[in-house]
Each structure stands twice: as structure tokens, then as C-alpha cells.
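Notes for the one structure printed next.
Chain lettering (A, B and C) follows the sequence in which the chains are written, and residue indices restart at 1 in each chain.
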Amino acid sequence: MSFLSLKNVTASYGATQALFGVDLSLEEGEFLALMGRNGMGKSTTIKIICRMMKHQDGEVNFAGRDMRGLPSHKAARLGVGLVPEGRRCFPNLTVEENLTAAARTGEWTLDRIFDFLPRLRERREQSAATLSGGEQQMLAIGRALMTNPKLLLLDEATEGLAPNIRTEIWAMIGQLKATGLSIIAVDKSLKELRGVADNCVILERGATAWTGSAGDLDDATASRLLGV
Amino acid sequence: MRIHFKTDYLQDIRLFEDRREMIQYILLILAALSAPFWLDEYLLGEITYVLIYVLAGIGLMVLAGHTGQPSLGHAAFLACGAYMQVILLEAGVPFLISLPLAGLFSGVVGAIVAIPALKMSGIYLAIATLAFGIMVEDVIILLEHWTGGVEGVLTPAITIGGFEIDRWTTPDYFYWLCLIVVILVTVAYKNLLRSPTGRAFTAIRDSEVSARAMGVNVARYKMIAFGVSCFFTGLAGALLAHFLQAFNYEAFLILISIQLLLMVTVGGLGSIHGAYYGAIVIGLLPVVITILREEVSELMGLGNFTIPGLETGIFALILVIFIIVEPLGIYGRWTKIRIWLELFPMARKDMFRRQKSYLKTERMK
Amino acid sequence: MDILQLLIGGIANGCIYGLVALGFVLIYKATEAVNFAQGDMMMIGAFITLTMVNEEWWGLPFGIGVILAIVIMAGLSYLLEVVVIRKLFGQPQFAVVILTIALGFVLRFFAGVIWGHDPQSLETPFAGKAFDIGGLILGYDEAVVIIATAVLTISLYFFFQRTRLGVAMQAASQNQLAAYYMGIPVKWISSMIWAVAGVTATVAGILFAAKGAIDPASGLLGIKAFAAAVIGGFGSLPGALAGGLIIGIVEPMAQYFAPPGYSQIMPYAIMLIVLVVRPNGLFAQIQQKKV
């Protein structure tokens, strides 16, 4: 049994169905890129994994456990850490408070985060609202790491950031992969993801359209499914 | 279900959606006008009271329902209108002039109050208006010279062209007078909503920042909203003065302000109908409770028992249930029922489902 | 000397306002909602204690009665959140304001039915005793009020500032969705904070009923406490206490110095001035509203 597996998962927002059968599996230590054009169900899939949304049919298994009916904080406690789209830092809390708010004990401690993201140490006492976009993104990543996740979900982690900061963040994500953390990253930039991802899952109209290793993704498939 | 095939933009802002609606309202007005012929005096008095509350509710609805500025101190403007009316009438001003003047005075006070209130929004505005509403009681007592202090004042009778209108001796005339004012104000309100000013109000309610971006002068329109709202409420106050005939500061306690706000919420924030429904509930609840109480005590042989505060308690309970089950109030629920009936049996369960929303702080450092 | 005596009375009163204001701020800090029923929760807490302790009711020993009342009120507030308030999760602040106002009316009504409308006093072991410090009279009750308030405020302040749960509570109010994402049990936190607010309300109620008398309408004191919270900036615990003290001290002073009729207006006038001059309170946390 894989570390995380979604089998034929369907979900809907009220009367509107969003997922029509997503299949996805991830081994421990694997880096999976979840891709697809806008509105194809990437974010919904992420929401299903961290239990912000209930799925209708299909199975979601994580670390050998059926996730059906689990509230989101229990999922987080099981080891699902999320870097949400749009960062969503706690604006009036200081950087340190942001990091400790949801922290759970484990290898990642405040010191280790500050070593990993030295910029945050400088900003320790500053409120999150005063950080730049890149720093907020780092804070969001640090905050997710402080929950000591077994699986890190990165939803559009470099959206709206300057190219040099994107590179910096992708380098950091690469380092995280090297520590053996399982990661699922949602992003639109194929170029950068190809560099770090082991495997790719591409969604189309709420269902898995292509699965395979990142190296096997040829340009024809990419342009057909991703439109790039 | 009625389908309107629109061929002109002006159709969107017509006073009535179609002829059927127009006929319905005309019938309603005719029924209301004929009420004195088929209702007894007690009920007619109660309905007159409801009408005055409708007027006050419309005033608050402009502000809370359409501009999104909750006011917890609107009884203060009721007081402005009421006392001004008495002062003007005693100074010999004829009723037809004093009534709009009393409303105008209240409106001006409202617009002035709005100036400091412009800086505040949401909860802070509610608090500031609450403070204002509380202070009014004491201010009324302090302004004894004009308001008669704790003793209060007597309202002079209304004479229009030799006709004497009095709540007790000629309840029919007084009812018609209130009804006409209410109809005029309702039409004015409806027209206001169709005008650019009204659209600006709604824009401010839905998003102040977006409204600003669309070129709405937020400060100015908020002031106008306060002015209009308090004008309507002031008119209600003036009529209330005639309804009560003798009153003091106790007619304008902070609880009345809160009750007004609860009233428009139960009726349905953001709709003219809501002001009517809310006033009907609050005005007729005591009547219903009185009748029920008599029934119950007769059935169980309890004699004449009373529970103080029963009306407010029951009303608040109704409100709690409404906010939880139907935040859009009676009007919202009625709209849903109507649409369901019109679509029957095609209505879908999720048609009115609300998107799940999450709270985000409004605090920024 | 008179003025000093007034000051002591004012501080003791101010502490009670401060305690109720603390309840407002607690709930606001953790859930961004404003609980207009806080004053009525105080009244209910006082009545429950009174039922436990007073001779005419159950006549339990004072300490046991107080602890029982606190536990009961914590439970009731917790339930109130679960059954009523939680239904409004994620809805505009204003809906919660109206809801809690209505709840206040309901509580007042039930209190009137259960305990009647006559003012009643809480029988306490420290009634009628006083310290005499060089001519100044400090009642035991006043001393207890001041000490209890100081202890509660300081411990709550450290709870929010230092403990992880306190920080998590603030996080939950700032971005509910992100808090969910991070695995903070947002709903449980909301219930817990209501329970804590219920406890502070009960303590305030006990102190209030011990110093004076309580009746169902006493909940309206909440409005004054509200002014205190606003003066303090509504997001700050020490601010709430400071606001309470300001109002508590100004009231008797105004009664002493100002012409009659003006003193009742003072708390609200101060609040309005604060709102106009510094719309976000003296200890502002909030400076700007987002889109």
C-alpha cells in the first residue's frame, strides 16, 4: 500500500461536481507534481487530501488509514502539512507566533526553521503583514514545517513572486526533498517542477489524465494537457 | 414562473416589474385604505402603531439594510423628530409644514452625527451609535427647556384645513394620515433605490473599497444615507408623538433602538418588504400574546397571570431562531418559498445553498 | 481625603467593568465576534452563585458555591457556543452582534422568570468588613475585587502571549481557513474561549453581587463595560482593564464635580471622544480595514 493513495475520488461543491475520478499515489520520500490547467481540480484534490472537503465516492488512504470522515485538524495531526494557496499567514501575529501557533513537536524546531530560513530569523519580532511576498511564502512553508508533517502539500508556492525569489524557493523545496520528506506540489510552471519532481499527475476536467515519471512527460502530452 | 423578456435597460429599473405586480400593489393599497370600515378601533390603533414602526423601520433599513451601516441608536432620531414636532406645533407652525420640518431636523442631526461616524465601520460604528443612543436619554432630560425633562410633553392636536385629527376621537383619520405618509415614503424609498444614489448605497454596503474604486464618494454617500435614514425615522418620530400624545424620554430608551434593529433583521435586511414584515411581527406580537394568554388562562383556569418581559423574550427568541435558520429574514424565506412554488416540481435542493465561508481578520497592523 | 475615598470606590467598580470588558476582548481576540450578551452572562453567573450560596436558597459554603457556579457557567457558555454561536461560523460579524443582543434579551427574560425582578445581594464571608488605612476605608469586598481582577487579567494576558494555545487562538481569529489548514481545531477553540469568557463573567458577577445587588436588568452594565473595552482598544487585555478603570474612576468623580445629570453621560462621552479621535481605541491593535 502506498503512503498516500486516492482511488477514483469524486467530489462536488453543492450541486456542481468538481472531481470525477482522481487517481493518485505517492510513496514515502517521493516528490509528486500535481498539474493541470485552471479549473481542472488541483485545488479541490488538495482540499480532499487535507480534509477541508469531503469526498463522495472513492478512497483516500494516508499512512495506512482511511481518511473518510476525518476532521481537518485530525488530518493535520496525522502528518499532512499544507502551504496554502495565497500564503494565508496570520497577519497580526509576529513571525515567531505564526510559527508556533500550530507547531507540534518533532525534528523541526524553531531553531531549525530559522537555520533553514535565515531571513525569518531576522524578522522574528515583526508582524507577518509587514513581510514581503517572498518572505511571507517562506513563513508559510516554515509554518507548515513546524507542524512536523510527513507529507507536505505545496499549493502554488511560487505564485506571484519575482523570478529570483521563485528560484530561491524552488531551491529550498529541493533541499526539503533531500531530507526525505514526501511532497506534493501544485504549480503551473512545468519547467521548474520538472527539475525537482519524481512523478507527475496531470488532471483534466476533474479526473486523472496522465500519470508517470517526470522524465517521461513529453512535450506533446504537456502541450495537450497543460497548454504550454 | 413569470419570465420577463427584457428589451430595454429601463425595464430593469421600472417601479413595478410587470402589470400583475402593479395590480397587486394597487389592490393592497385599496385594502389598506378601506381598513377603517371593516376593523374595530382597537385593531386599527394597533395597525396605526405598526405603520409608524414601518416608517421607522424603513428609515433604519436605508442605513443598515442598504448602506450596510448598522445603527444601534436610531431611537435617538425618533426622539429628534418627536420633540421637534411638538416644539414646532406649539410655536404655531401648521402640521403640514411641521411634519416635514421635524423629519428634516432629524435628518440634519443624522448627517451631522455621521461626520465622526464616517471614519468608523462595522462594529465600531455600531458601538458609537449605541453610545449615542444611550446618551440621548440623558440629553433629553438635560434639555428640559425644550423637552419637558422627566415630565415630558403633551402633543398638540393636528388640524389640517379646519379638520381635527386625533388618535382617540378620530382614529380613522389618523390611520389614513399615517398610511399616506408611509405610502409616500415607500415610493420615495423605492425610487431612491432605482437612482444612482441608491446604487451607490448598495455598492458601499457590498464593498467599500470597490465602491471607492468605482468612483463613489464613500464619505459623501454615507452622510446622505444617514441623512435620508434619519429623515424617515424623524417622520416616524413625529407621528409617534401624535400616537402617544404624551411622552417623555422613556419612549426613546436604548432598548427601543435595539428593538428597531432586531425588527428590520427579522423582516429581512436589504429589502423594503423587510421593514414591513418586521414591523408587523413586532407590532402584532403583543396582540397575539395577549389573546393567547387569555385562552391559556381560561383553559387552565389560571386566572389573570402575567409574565413581565414576555413579549421581548419571545421576540428575541424568534430573532435567534431567524438568524440561525434564515439570516435573510421573513422576506428572504418568503422569496425562497415563492420561487420553490413557482418552479414546482423542478426546484432543486441546493438552489439556495450558501457557499461555505471562512472568517478572516479585519484587523491590520 | 474624600477624593481618595472616591478613587478607591472607583477603582473597585472599574475592576468589575474591566472584568466584563475582558470577556468581550477574549471572545473578540479568539473569534473576531463581539458578544453583546457578556453583561447578561455576568448577571446569570451572579444569580447562579447566589442560588448556591445564599441562606434562602441552598446555603452551600461560599467557596464551594463559587467553584460550582464557575464550573456550571463554563459549561453553559460552552454549550451556548456549540448550540447557537457556532451556527454562524464564517458569517459577517454583524450577524453575531445581532444574535448576541437577542441572546441577551432571552437570558434576561429567563432570569426574570426564575429569580424575579427584585435586586438581591450575594451573602459573602467578607461582607461589611473593612481595612482602615489612616482614615481611608478599604472594604474587604473592594480589596477582593481588585486582587481577583489583577490576578485574572495578568494570567489571561500571559496565556495569550506565552502559551501555544493562546497563540493558536489568536491565529484562529486572524485567518480561520489557514488555521484549519494548519490543524488548529478552530471549533473547539471557539467553544473553549466562550467557556473562559463565561468564567470571567461569573467572577465579575460574583464581585458585583457581593458589592451591591443584582437583578435581571444588571446585565445592561455590559454596555458600560463595552465602553471600557472600546476605550482600551478592543483587542488588548490590559487595555480592557485600563478602560474599565478609567470609566470606574470617572463615574464617581463626575458625580462629585459635574452638575447633576451629566455624570451618567460621562462613560459614553469618553468612549465617543476616543472613537472619534482614535477610532481604534487607546491601545489600538486594529488600524485599517481590509477589502
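Definition applied: a residue touches a chain if its C-beta (ideal position, glycine included) is under 8 Å from a C-beta of that chain, and two chains touch if they have at least 3 such contacts.
Quick caveat, the model's predicted, so the values are computed rather than measured.
When every chain is reduced to the mean of its CA atoms, the largest separation from chain C belongs to A.
The greatest number of inter-chain C-beta pairs in contact is found between B-C. Our note on geometry: chain A versus chain B, Cα centroid distance of 51 Å, whole angstroms.
Chain A and chain C have CA centres that are 43 Å apart.
Remark: chain B and chain C have CA centroids separated by 32 Å (rounded to whole angstrom).
Of all residues in chain B, those that touch two or more other chains are 361, 363-365. Residue positions of chain C with contacts to 2 or more other chains are 174-175, 177, 180, 285. For chain A, residues that reach two or more other chains under the stated contact definition are 91-92. If you check the complex, the residues on chain B that touch chain C are 70, 116, 119-124, 126-128, 130-132, 134-135, 138-139, 141-142, 207-210, 254, 258, 261-262, 265, 307-310, 312-313, 315-317, 319-320, 323-324, 327, 356-365.
Chain C makes touch with chain A in their complex at residues 164, 167-168, 170-171, 174-175, 177-186, 285. Of all residues in chain C, only 31-32, 34, 84, 87-91, 93-95, 97-99, 101-106, 108-110, 112-113, 117, 173-177, 180, 216, 223, 226-227, 230, 235, 261-262, 264-265, 268-269, 271-272, 275-276, 279-280, 285-291 touch chain B in the complex they form.
Looking at the complex, you find that chain A touches chain C at residues 50, 52, 71-73, 75-77, 82, 84, 88-93, 97-98, 100-104, 143-144, 147.
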